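When the chains are written out, they are named A, B, C and D in that same order, and each has its own residue count from 1.
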């Protein structure tokens, strides 16, 4: 036993000495290590809940939509408003953001007046993607006397806008400033506000970008976003009148949906694309490695069986091989996926089912050649059994080829799965890069110039592919020296 | 009753074997079927064969070196491999006088193939050949190809021991390996054990191959052109080593070569093969000095020698045409289309050579040839 | 000398490998007369094939000629530009018969076209005329002219070897380099090919450099013999002298290692040890570690080439006057 | 004779593969197709007006049940499974794939599946034949150059490009091309399907050709861009292998000009394996190419796939798959045949 152990150690050392010379191989190895670390550490890097909830639009509602990554500011003179969430909860003093103040103004018989003021210090050039104001109250269950509120916005320049008036609420009010209707359209309020500075006759409210107007200096061109940003503290104030004195504010939130988001921005649902990219690593590695390991080993053993058996067995096995080999993979996969909508594991099996014939043809010819090698005949002459010859003389000789092939067929598997996912035929539960690109295509990301949605997944596919191609080429050169030059 | 006579008949050949004969080959044929195309199968055309070995018989005495000589494709290597059961035999039988322990072992597994100390090798099924494999070994022409490039020398030599479960511990086996390396003059053995074949020279590799063949203590060695890929001086060294080992271990060699000069140097008897048949068989010196068969004559005439006066004359090689394929062997004497003697005596032989296959007959004391020239003229 | 065809002076061809510089041909000198056959003998790896390729300046990379001269009628081929070599020398003056005819023919062209190619390119013959000459050449080497239309894989080994010889004769060269022209052929075919070469050489009065490891084959053809060992010529002289009275211990041992077909069966002599690694050859005489007559000086200094008889040179301290 | 036999063997092989694939595909598909048919029949029966004579609910129910059975019978749904599979196979061989539910063909707006495919097929063939020819031309040129300068910058660049193109999704590159050339620079149209609108207004063939080129350029460039590196690399490897052969040395020794050695002896010998290898690599990218079509909206097979998948048109998907397999297998047979033409050694065997 220890004979073989030391031999293995020797071979490994030799292999490493040769491999070290292959620069691209080392690069591939380094990339692979980084990828594996990222895949394993994914739950530490991004919130693991993201993956579970990837397809739940509700889960992502606090995030800006189609926001570019924040590092774009480096290339721009403008500062982007970042994502911020301020929370105030009545029952937990630790979760009471200083930016939100809830003040009981007055309490009398049959009423109570609260002021909820939310302060936002705006220091940026590009206004937030959206602002969401949320207010949750506890209401006496059997009462029909619902509370009402007014909403004011106080701008740094002193202007006060009444965004909502005598709005009644059941238990909570959630409003996004860009789209939600707070009783009356906020756009018309802004139009009225602007009318103090510019001529607004004929301006359609729907053309106004509310956040642009809110965060710009008042003046000429303010409706078109041509005035400079107005920096300073903005305050949103809810003035709430409870007609049931026992009612009270339990939670208030101000969500500043950034005009940029995280490392890779967000998509049309507000999903964190960086998280998507990170989750995708795991799937790419699983799909690529599992598919190629299964198909290569199937191919290797199929090929050896065929070549070593010879005769009619060989003939029959090779016919079958030829048939599978001549099948176009993707169209058939499309058909199968369209019929079954398979899980990612089934897709891997499908891919592997088409991936082995090429490997089998090569291994068969290797087996045929090895079978005729003199040292194999010598082993036979020594009395070695068929199994011994296969497993000690033939299989080990095909392993270098197998290892290189595994590495080299990874990209193909990843590309095939990505293609299926892109067509919308992937596993809907796995966050793969192909799926992200599918979503991008469905949301016309290219048309809308959302490059951060389109570029990174493709680059990652290419990167993982390259990693394995690098490794595979280096392995091939080291292990199959006929290619050495 | 009938079965007994069959049994007797079966071992008649074995019983006749002289005491010093270690191997008897009787009418051995190795035919490789050609792949038939679909149309051939459909038209029910009979399968065609490459008749690599086409009915040869000879006895080999213990301790002798028996040479098979001929051009490439004459079936000499196939004969060697057929004796070792490395290729499938079409028909014919081989009998081998095995060591007592082997006979004992085979008597248990394949009793029908054993007759006193003689084993009918051709009657043993593939899976039961292992005991016989221990006694017959092969040395190959190509020292580069016959050693597994991924094994160390130690592992290469350990393989036969592991296969035959000789030496229960690693140390025991290592001792045997050291001895084997020493016996082929690869000293000190420690220097070679941990090397890989590619780290050795051609001559050293061939010595490893010899050590591997000898480590199981065989009786019979089939050496297939063991020196033809080696440089002259290494060739001399390996030949010398083989002679020395033969003396020391009482080995019997079947030595396959295309080079008559080498055959003369090492062999006791030489059999010349042409297209799957033995055409002439005699002792080394006798065959070269007094060849009977026209083919042997041509072969000898064709061999160049380090004599500078040769350049001044044209070499006369009494042969014409090229070797036909072993698929379409000419009828009658398979050599007659190329035979110069046949042309000369066409009138006398025209009913013999193209029609009937000549038998291998004794044309001189212990000198056999298969040629109508002698058979016919002897009769007349 | 008026009838001198080729003079090689201190030719050096080195291979620049990862392992180091392999001095495959190191200071090789010899001359060749018009119509003379020279045999270049030596064991595998001694540099004889590299010498041949160096003569037409076609050493495969990573090898290259690093020194010395190859004069053909006064032109130094070692210094010539690739273009000039191609136009003036290759095939017109020097052609080759390659080792392993199997691989020297391009599988996708008919053999006729391959023989005709140099005629079309060098002599500017039109295709028709070239093919006529091809048929002539094929008959010259004893083949049926109809073979011209066949592809290499349709021919037997002997036929291919003849085709390769016909190809070498296409432009009536002054010198044919035959690199192991009969290796891998059976003895009968070998004898036929050697006869053919002998016949053609007499008829066409060309010079031949015959490279082989087999001294018996050299004896069939060569007027002069050069014996190479480890990148150097150790002995060089007329065939009659070399085969009967070899001087260098290496030549002597080599001849006694060959089993003979006739005469008494002498015990063969072998040379112990292995040839040196040409990356780091031993100092002094390269043969000394294996030489039975080794002296002190052999280990230190390289022996000079000494003329020991008429046109007989040997590089050994045994014969040097000190 | 030899060649004709060689060709017929290729064709028979292709037919066998085709039949096997067809069989597998239809066997998979039969249940799904049947379900769809059943659903359609049920819907039809539900909307049928029962004859006035029938009064009770039970009677009407019974009548409807009968009608359903009649329709089932007519559609062959009552036959055993394998017979149905066989029926579908025959339909497929007759190119009778039925009708689509909603989809229509590009040009004539026909609902027949065969029509839909027939109108998409030429576009795919035009795009990929053109692309393949360009790839072969560039690939051979660069591959030969790289082989002659092995280890030099060009060689390394090509090796890298090959590795890159093995890892790049072609359709993603297409997306980037659109992003850059269509939306940013506005040089090319963003949706190639509009070509049909454009050619409707074309006054003559030249204008129509111009339109086609205008709409085809971007997808064409994409396919070429992603494929040529791999092709060049394959060429380079094969050529490099051949360049080490003895006959190349022999050709050089003959004093042939280098150009003749390289393009005559080397490339000529290397061409059969180049044909095979490159065919496989190009065909391998066919899948990616199908998706690429959808990115550009090129009115070809890929586009049809895309729409069929979005709209759940099973009959179209089946028909498409079958025709694609046929194309694929036919191409392989053709290439094997070309191989036989190029290599004199094949004919004999």
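The definition used in the following text is that a residue touches a chain if its C-beta (ideal position, glycine included) is under 8 Å from a C-beta of that chain, and two chains touch if they have at least 3 such contacts.
Please read these numbers as outputs of a predicted model, since none were measured by experiment.
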Expressed in steps between touching chains, what is the minimal separation of subunit A and subunit C?
-> 2
Leftover contact groups, counting everything except subunit D | one piece
Where the CA atoms of subunit B average out and where those of subunit C average out, how many Å apart are those spots?
-> 35
Mind checking the centre-to-centre distance between subunit A and subunit D? Centres are C-alpha means, answer in whole Å.
-> 31
For subunit C paired with subunit D, centre-to-centre distance based on mean C-alpha positions, whole Å | 57
Intercentroid distance (Cα basis), subunit B paired with subunit A, Å = 71
Subunit A touches at least 2 other chains through residues none
Quick one: do these chains touch in a line, a ring, a star, all-to-all (complete), or other?
-> ring
Taking all chains into account, which pairs touch?
-> A-B, A-D, B-C, C-D
Quick one: which bits of subunit B touch subunit A in the complex? Just the residue numbers, please.
-> 81, 84, 86, 129-130, 133-134, 136-138, 140, 142, 145-148, 150, 152, 154-155, 158-160, 163-164, 170, 209, 212, 216
Within their complex, subunit B touches subunit C through residues 71-72, 201-204, 231-237, 239-240, 258-262, 264-265, 285, 288-289, 298-311, 314-315, 317, 319, 322-323
Subunit A residues touching subunit B - in the complex, by the definition given at the top | 2-3, 7, 373-375, 377-384, 388, 393, 396-397
Write out the stretch or stretches of subunit C touching subunit B in their complex.
-> 37, 43-44, 156, 158, 186-192, 194-195, 198-199, 213-223, 239-240, 242-244, 253-255, 257-262, 265, 267-272, 274
Mind listing the subunit D positions that touch subunit A in their complex?
-> 13-14, 16-17, 20-21, 25, 28-29, 32, 150-151, 159, 163-164, 166-169, 171-173, 175-176, 178-179, 183-184, 190, 237, 240, 283-284, 286-288, 290-291, 294-295, 305-306, 308-310, 314, 317-318, 320-321, 324-325, 328-329, 332
